[in-house]
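By letter and in written order, the chains are A, B, C and D; residue numbering begins at 1 in each of them.
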Amino acid sequence: MHLQTLPWIILFLPLLAAVVITLFTQRDRKTSATLSISAIVIGFVLTVIFIKANSFNPEVKEVSLNWLDIGPLQAEFGLRLDALSLMMLLVVTGVGSAIHIYSWGYMHEDRCFSRFFASLSLFTFSMLGIVMANNFLQMFISWELVGVSSYLLIGFWYEKASAADAAKKAFITNRLGDFGFMLGILIVWAALGSLNFGKLEAGLADNPAALGSLATLGGLLVFCGAMGKSAQFPLHVWLPDAMEGPTPVSALIHAATMVAAGVYMLSRTFFIYTPEALQVIAWIGGCTALLAALVAVQQNDIKRILAYSTLSQLGYMVMAVGLAAPEAGMFHLTTHAFFKALLFLGAGSVIHAMHHEQDIWRMGGLCKKMPVTYWTFMVGTMALAGVWPLSGFFSKDAILAAAWHHSMPLFIIGVGVAALTTFYMFRLVFVAFLGGERSHEVGHAHESPWVMTWPLRILAVFSIVGGVIGVEALFGGMLHPGGEHPHGLAAQLVYPFKHAPVAALSGLAAFGIGLFAAWTLYARAKEDPLPARIGTLSRWMRDRFYFDELYEATVIKVHDATAAVVDWFDRWLIGFAAVRGSAGATSLFGNVLRFIQSGSLQAYAFLLVLGVAVILFFVLGR
Amino acid sequence: MSILTSILGLPLLAAVGLAFVPRDYRFVMRLVALGATAASALLAVLLFLKFPGAGVNADGYRFVQQIPWVESLGISYYVGVDGINLGLVLMGAIVAFAAACCSWNINMREKEFYVLLLVMSGGILGAFASLDLFFFYFFHELALIPTFIMIGVWGHGERKNLATFQITLYLSIGALIALVGLILLYVQSGANTFSIPALTRHIQENPMAPGSQNLIFPMLLFGFGILVSLWPFHSWAPLGYGSAPTATAMLHAGVLKKFGLYGLIRVALPLMPEAAHGWMQFLAWLCLGNILWCGFTAMRQRDLNLLIGNSSVAHMGFIFLGIASLNLIGVTGAVLVMIAHGFLAALTFGLSGYIRQQTGTLEMSELGGLLRKLPFVGAALVMAAMAGCGLPGFANFAGEVSVFFGAWQNEALRVVMVFAVWGALVIGAVYMLRAVRAVLHGPVADKWNDVSDATNAWRKLPFALLLASLLAFGFFPRLLSEKIKPDAEKIVMMVNAARPLTPALSAAEADSEEAHAAARSRDTATEGN
Amino acid sequence: MNVLILKHEITLLLLALGVMLADLWLPPERKRGLGYLASAGVGAILICSLLTSVPESPFAFRQMYVLDGMALFFKRFFLVATILVLLMAVEFSDRIQAGISEYYSLILFASAGMMFAASANDFALLFVALELITVTFYVLVSFQRGRATSLEAGVKYLIIGALSSAFMVFGIAFIFGTSGSFNFGDIAAKLASPEAGLVNNKLFLFGLLFLLVGLGFKIAAVPFQIWAPDVYQGAPTPTTAFLAVGSKAAGMVLLMRVLFVAVPEVTAQWWKLLVVISALTILYGNLCALPQTNIKRLLGYSSISHAGYLLLGIAAATTAGQSAVLYYLSGYLFTVLAAFVVIVLVLRDTGAEEISSLAGLHQRSPLLAAAMTISMVSLAGIPPLAGFFGKLLLIKSALVVGAEHQSFYWLVGIAVVGVVISLAYYLGVVRAIYWGGEAAEKSAVTLSLPATLTVAACLVGILFIGIYPNPLMKAAEAAVLSFK
Amino acid sequence: MNVGLEHYLVVSAVLFALGLLGVVTRRNILVIYMSLELMLNAANLALVAFSRFNNNLDGQVMVFFIITVAAAEVAVGLALIVALYRRRQTTHVEDLNLLKH
């Protein structure tokens, strides 16, 4: 049984839900939510059924329809079903389901409840599209759709100026990346004559030089797309701002899906990158990881901390791909999806309880008020920090191991970031959950309803076991065939220490250092002690290294200035001088000319005679 | 009688009929206008559905009808469709109906308005259905003149008068240059016929002299170019559209403007292939003017209609780029964008017209937060903006992406392409989102408390119809592309059968010749598969 | 000789005399209606002319007079024009203090002159026919004796007209002196024979140029256009209309006969002169019309520009060009008359002739507003109206020649520029009608049935010629054949 | 001295030129009008001379036409000038300035 239609159903159910909600059930909140949630839950169930039936390695790997074919442009609409996409499918629908269910509780009071679920479903559809795409163009299409649905979700509270601006910023920044992505696709297509991943891979395998001189450039351009979606330096600025959206959205975008799309795409198209391109990718990933971790240390908004943490982890993943270890990147992506979704939903639970207060310095002592949230959050934190045997340890270790093998500087950065991660996460936990109440809102806080806590519990379980359920082997088998991959629970538990002990131990050491630093600084802090200690650096970190300001001063200014200049020329040179000028000159000429008609009869007679004379001269005079 | 004659004749007939309806019978007038355009749109849908099965004549056209008109000059009323104009006729008919629907707020001189609207609709459809150069031009002008008068009489804004004069004179210059070019083509081809198929056949056997080609082609290029607001001849468009009544802007920006592009594809390329090769590199750079220049200008607009007008000019750049690529993908993509942009432009102008009617202004600094008050119209505007910045799912994307692939295939255009993609993906997004941000997002001001959404089904219908068309062709572009492809291929073959004759225009021409050859062989190779 | 060959002219003259005599017996209040009678009579002649075909021996009076296809075409043209002008004159009669029946009969006399001009095959007949027209027009122009502008226009027309007549006569004298004949056929034969050397005879060419002054005056081509705006503005409106249509067409037919029948060799030599004159005429007319505020003066300038377009067809010197001229003139006939009828009907109460006084016309009379708009648009040359197809033919004929003489491309370019400029001022009139400002006068315009029919006839003519050109095209082509 | 065609033509041309000069320089409409008649007569003279030297009487017939037409023209013209005088009390060309530009 191949169940070939199942993937189609999985893909289109959310779209159907979005359409039905938009067209018919806008007013009926309950039906809307039910539709949207059941679409993704059914999707999850069907995915499980499909994997059960076909395992992660179906016989038929592709099903496709013809979407557009014009001569050499053969654009299919197809689904590629292999381990990579199926695992990703599982993650997206699984984590997505949890977030959808959670949203029911979180968004319950919002008046645009139906719209929210419609957007959420649209987003799910787009994301599934990226996951299952079997060709570049379809991936680009879903890519764009993800962009727009994230625009709709981030700007969900569009009446708030900051939300509307953040949505715009996210979309446009993504578009900058997509610009490169499109060009990359064009280069690849022009050189290899196909868009289909399978055919491209086969083509490149046949003739590795097929991309010619543009190979590195093409790869890097495709990577640009990933930079936008996965918020890699220097296109990372949109992600923290995107926190303006409702928290489930942040969870969905930052945890499992949108930002992961970039890494997923890199893994999917791993075959086109040349070593040079990979090097650039790795360094960009490393820089992002470091930079974001540093910034996260000095943020006070709970969601922003998580946002920068996401950035930092994405940096890890991208670095992994750059280090020619896409399986490690995907592994981390998967585990990260679990614990980061968990963290965001936990943060959402906190925010919900705190009546939309997001400053951690106004929280404190929440562990008693919200035990479920606290403990699940703690699990997430530990997983993120890389505590053995939680999922984060294994995936992060895989990346550190890859770095150990390939590049010492990146390894050092990686370990440093790991320490920073532990530091800022525990800073968050110490300040927000432990200690005394820092504001009276904490007094009113209480645990969230079951629709919100159950997703937390489920995600917490996955955050714990995610590292040892065979994900790594699965990705490894596909993306890194021939390499050794651990099988069996026990083997997986100890694999890191056998495979690359230095990396594993460094990771654990980093955790220790980070925890210790956080404990010393924040366990009993009333206010942040860091600014006093490191001064300027702290300010730089808090102000996100002034990247927004930098863009404001460069990219945006350049565009605005160009637009102003062009507009000026358009208005005055073309519109006024050339167009209306010539009209004006004509009319002026007419006005002058008509004074020949002086009204004087004698002048008329004279002119007539003059005319005759001129004609006589020219016709006969020569 | 061909179904095409009914499609274009119904609005014209209704216009004549309306002239005899007493002016107090407003309801009757509206009914006649709606009925005629609706019938014409339905017939166009029928035409579209029946197209693959209909009989083809020797020249590859279907649903043809030919009536001799002026024998001594070889003018005949000759209508017919192939893949290239089929979609345009469909799009024109649907937009005409939508425009008629959007005219409910006209409350002075309805009679004249509806007569002109119907004449315009009939003229537009006639221009696209005609296979005779004379009628092709004739119908276009028939549609153009009502545009001017409608802007003058029912237009709005302080600069209405300037807008009317500017658009009239500017477009007339373009139309006349094109006319002179067409007549010259007729004269110098020596075929003594205005029939496009006959002319094409004649020229395939007796190609035009290089001198003639180089004389006529620029005339058509710039004549048609002015009509399509090719940079730098675009400044009529934003102001004109900004001042035009809703229906007029919808019909003109959506449909009538495509006339010049259609003319380039149908007439200029196949009949003057050598000159086409020589000029295309130049055209490609000009179309960057549209995409970037007008995109940047759009970013600076303070009035929503001006912004949309500039963006519509910018979109024309993609169509030109598709044409300039001179290959199957590019030309097919260009036709796709033409159709898609038709729906889109009509939609955006319809929506902005609605907003203006409700708020009395389109100054973006005055507006804001309207999505709360106008959930339907606002959502439609968001979708339109998204379609405008090339979001997949809308027909524009299918077209633009084909244009990109087509233009990229032509190696001479790659530098241009880099900028074009920038314009499409980044600049387009910037100004479109800026408009959404300014008009729909943000807090809603108290003064807009009375603004009401389109609740009535009739009010929603035009927008829903246009959106549905955009989405239908966006999801299933093959509905169009499969029909366009064979005929686009014929044109591309005719163009590429000739060698370029003025390499002076581009240094890269020598390189690109190989590319052409490669592209051609690839074309034919895939054709073989 | 068959005198019946002149039956149209003779009947027309009798009709003119009849109208004059009827004035003696008719009570004053009935005199106005005489115009209807006159136009009915002209209508009868028109029908008669439609039934007439070219006789086997088309000549009369020692080949002075010819009734060929061209003559017949123009006779019908003039008869149609006369009918419409007479109907217009009836509507205008309130503003003519005395002698309305004389006004009618003078129109008929002028019309007879034009019909003779259509048939002129000899410089003597040319001169006499032209003078018949001109002298009649002196009176017609100054017919509103109470109005100073009418008188001034009359005097200006008189002096400049007489001056150009003098040039023409002097020219004819030299043509006669060098060629030894007045007859077009004889002169053509002499020109064709190389031993006579007439083509290079400077005196002959000098005479010919002087002759062209007279004809140029009639059609108001640069540099002989100078009188036109003043006279158009000052003259009573029906006279202006008749000047614009009849007098200009008479000049055109004579010009064509002279250039293509009498001196084809010289014409072939002088194409450059014609191109230059045509270009200047187009530009001058259109540019000067741009700032005008008086509608009649504007039409005066516009009529100059149309003379330029017509000359474009003549400069091409091909049968296509000639038939284009005929076609264009026919369209121009209905178009211009429609405009003047509207002017007569709208402005007869106020007497104001400013463009701005058309304001609010769309409310006062939608029919007249539409008629004026259509007329303006047709004059600009835009489909589906008469002016378009005419311009198309003219441009086409010029472009054909362009392959040989590049200057024609420039000429076409200038014509295009002219059309665009003209659009600006024609649109100005449309603006005044529809959105130009507040109307001073708000009452509805009352239209009599004949007036409505006149307007309708003009509109039908404009649309028919514009939309279905075939019949007129065939007629024009047939008429031009008589030049071969 | 033998009077040849040239002499007649020269006289005729001189007459014509004088007439022209009168038209262009004189201010009184009546005088201008007389100058115009002079020009017509110059043509007449030329015609008669040509007729004589060409041995073709057509020219002289033409002269009759011209005289007749000129008479008609004068009749109408003088009437017009009289009408103008009665309305405006002037026969000066400078006073004809209502219609211009």
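Definition applied: a contact is a pair of C-beta atoms (placed from the backbone, for glycine too) under 8 Å apart; a residue touches a chain by one contact, two chains touch by 3 or more.
Remember, it's a predicted structure, so these values are computed and weren't measured experimentally.
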Exercise for the section: From the Cα centroids, identify the chain that ends up most central relative to all protein Cα atoms. Expected result: B
Completion exercise
Per the C-alpha centroid definition, the whole-Å distance linking subunit B and subunit C comes out as 42
Fill in the blank from the handout: Cα centre of subunit A to Cα centre of subunit C, whole Å, reads 76
Fill in the blank from the handout: Expressed in whole Å, how far the mean CA point of subunit A lies from that of subunit D is 96
Practice task
Give, as an integer number of Å, the spacing between the C-alpha centres of subunit B and subunit A.
Solution key: 36
Problem - Set of subunit C residues in contact with two or more other chains - result: 155-156, 159, 163, 167, 229-230, 424
Problem - Numbers and ranges of subunit B residues touching at least 2 other chains - result: 165, 169
Fill in the blank from the handout: subunit D touches at least 2 other chains through residues 23, 29, 32, 96, 98-100
Problem - Those chain pairs that satisfy the touch definition - result: A-B, A-C, A-D, B-C, C-D
Handout entry: subunit C partner contacts - residues on subunit D that touch it in the complex
Key = 5, 9, 12, 16, 19, 23, 29, 32-33, 36, 39-40, 42-44, 46-47, 49-51, 53-54, 56, 58-59, 61-62, 65-66, 69, 72-73, 76-77, 80-81, 83-84, 87-88, 96, 98-100
Problem - subunit D - residues contacting subunit A, complex - result: 20, 23-25, 27, 29, 32, 93-94, 96-101
Problem - Partner subunit A, residues of subunit B touching it in the complex - result: 165-166, 169-170, 232, 234-236, 239, 292-294, 296-297, 299-300, 327-329, 332-333, 369, 371-372, 375, 379, 382, 386, 389-393, 397-398, 401-402, 404-406, 408-409, 417-418, 421-422, 425-427, 429-430, 433-434, 436-437, 440-444, 477-478, 481, 485, 489, 519, 522-523, 526-527
Completion exercise
subunit A residues touching subunit B in their complex are 22, 26, 66-75, 137, 140-142, 144-145, 148, 151-152, 155, 158-159, 161, 164-165, 167-168, 171-172, 175-176, 178-179, 182-183, 186, 189-190, 193, 559-560, 562-564, 566-567, 570, 574-575, 578-580, 583
Fill in the blank from the handout: As the complex stands, subunit C meets subunit D at residues 123-124, 127-128, 131, 134-135, 138-139, 142, 145-146, 148-149, 151-156, 158-159, 162-163, 165-167, 169-170, 172-174, 176-177, 180-182, 229-231, 233-234, 297
